[in-house]
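Shared between the two complexes below is chain A, which has chain B as its partner in the first and chain C in the second.
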Partner chain A sequence: MTTLDDLMKLPGAMAAFEFRGSGEMLEHRIAYPDRINESTLDLLAHMCAANLSIATMQARGWEKVTGMEGFYPIQEFTLIGFDWSVVVSGLQREQYKQAGKFSLPPFMGVVLANESADYEAAFGLLERKEPVP
Partner chain B sequence: MSIVTDLLAKPGVIAAGEYAYRGDRFSYRGELSENHARVASIMCRATTMSVNMEASMLEALQPLSGLLPPRGWLVHGPGYTVCVVANVFCLLDNRKGSINDLVGFMCQALAAIPSDMI
Partner chain C sequence: MSMIRRLLALDGVNVICHFRDDGYLIEGYGLMSHNDMGRLAQFARDYRRIAQGNADQLAMFSGMRGWTPPHGWIIRGATQSLCGVANLVCVVDSTGAPLNEILMELREVSHW
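Here is the complex of A and B:
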């Protein structure tokens, strides 16, 4: 399973964090405390939880309205800020749900400096499939 | 050429469009019906306004956080990705296009757009 330390190895990684669906932050790592602190990450986790939920609702509705497939379930939501971006995913939870597990892993997120952000690498790491224990 | 025309020439982009921040008009090109493009522009505008509100809130908590003004956002699904920068949106077929290239192009092409959302 992808860990916060794996996410911190991505190019330009400034911070990584885990959070509940309610937005409550659990574990975190911070590479540059002068640029991203725990208080910022805490609000960011709540923002990302809200945005993932809204995006999921929109993807569900969009597929029903248009008949197009390939939008749901949301794999990642990314917010591109002025200096940095945050990428969040709950995809590993889907794997646990499909395996019939009731105890689900947390959502995960990583903050990347825009000048070196590799979104596809972040998606690849967050979508990595591993056997559900 | 307009940014929408440029975006449609990119590999994997199936539709692209622009919306007014005040919500009274939109334009688009690509493989969407007029009604579906209208729905897409409304959803994209709503999310853009929402992330701008969130970034302002974060800025109030943590001045010079580096998030404000947000440039855009992505929703990555299993088959398609919605990419939005400023008031421009596009739908990308994940199998045929590069998200990194698309985001890089959009951020560069729209870097000079004022961030006051008017």
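Here is the complex of A and C:
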């Protein structure tokens, strides 16, 4: 199972965090406390939870209007800021949902410095297939 | 040849659209009807504003520099993903597409 410590090994990783669907932050790791702190991560977690919900609504609407498929469920959301990016994933939760589990794992996210960010590596790690217990 | 059309040459890129600040489709290429490209352009413009607003608020509340103005966003679905940079949006395969390269190209083309 991908852990916060795995995410912190990504190129340019500044912080990694877990959060509930409500946005409440659970665990976190910070590599550069002078650049990003727990309070900012908490805000970021809430922002990402909101964006995942908005994107999910849009994917539902888009598929209904256009008849296209493949957008829902939303697996990850990424905001590429001016210097920093955040990548968050709910894929593991989806796998648990599809397996009929009621108790779901948290969302996971990582904050990356744009100058060395490798988005493919971040998605690859967050999408690593794990057996649902 | 349109400058944005070259993005279709990248693996996994299915659709590329360029839109005005009001969301009106300027040009679009790829595997999608013109009507749906118009909808995609409107969606991308709205989502860009949402992302911009969220980044602005995050920066204001946290006092952390470096989030604004945002360069772009990615929404990754089960098999299809959307990537937006400036007034460009593209639909790409969620698996196998060279996202780092696509983002770099989008940024470069957005400056033209």
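General remarks:
By our rule, the second predicted complex is superposed on the first by the 133 of 133 C-alpha atoms of A that agree within 3 Å, B and C clash if a C-alpha of one lies under 4 Å from a C-alpha of the other, contacts with A are read in each partner's own complex, and residues count from 1 in each chain.
Here is the rule we go by: a contact is a pair of C-beta atoms (placed from the backbone, for glycine too) under 8 Å apart; a residue touches a chain by one contact, two chains touch by 3 or more.
Keep in mind that this is a model prediction, so the values were computed, not measured.
Annotation for the three-chain superposition on chain A: chain B and chain C clash. In the superposed model, A:107 lies in contact with neither chain B nor chain C. Touch criterion not met for A:17: it reaches neither chain B nor chain C.
In the overlay built on the shared chain, the residue A:40 is in contact with chain B and with chain C. In the superposed pair of complexes, A:83 makes contact with chain B and with chain C alike. Of the two partner chains, chain B and chain C are each touched by A:55. Using the contact criterion defined above for the overlaid structures, shared-chain residue A:75 touches chain B and also reaches chain C.
Within chain A, the residues touched by chain B in the first complex and by chain C in the second are 35-36, 39-40, 43-44, 47, 50-51, 54-55, 58-59, 62, 65-66, 68-84, 114, 118-120, 123. The residues of chain B lying in touch with chain A in their complex are 36, 39-40, 43, 47, 50-51, 54-55, 57-58, 61-62, 65-80, 82, 85, 94, 98-100, 103, 107. The touching residues of chain A, counted against chain C in their complex, run 35-36, 39-40, 43-44, 47, 50-51, 54-55, 58-59, 62, 65-66, 68-84, 114, 118-120, 123. Only residues 36, 39, 43, 47, 50-51, 54-55, 57-58, 61-62, 64-80, 82, 85, 94, 98-100, 103 of chain C touch chain A when the two sit together in their complex. For chain A in complex with chain B, the touching residues are 35-37, 39-40, 43-44, 47, 50-51, 54-55, 58-59, 62, 65-66, 68-84, 114, 118-120, 123.
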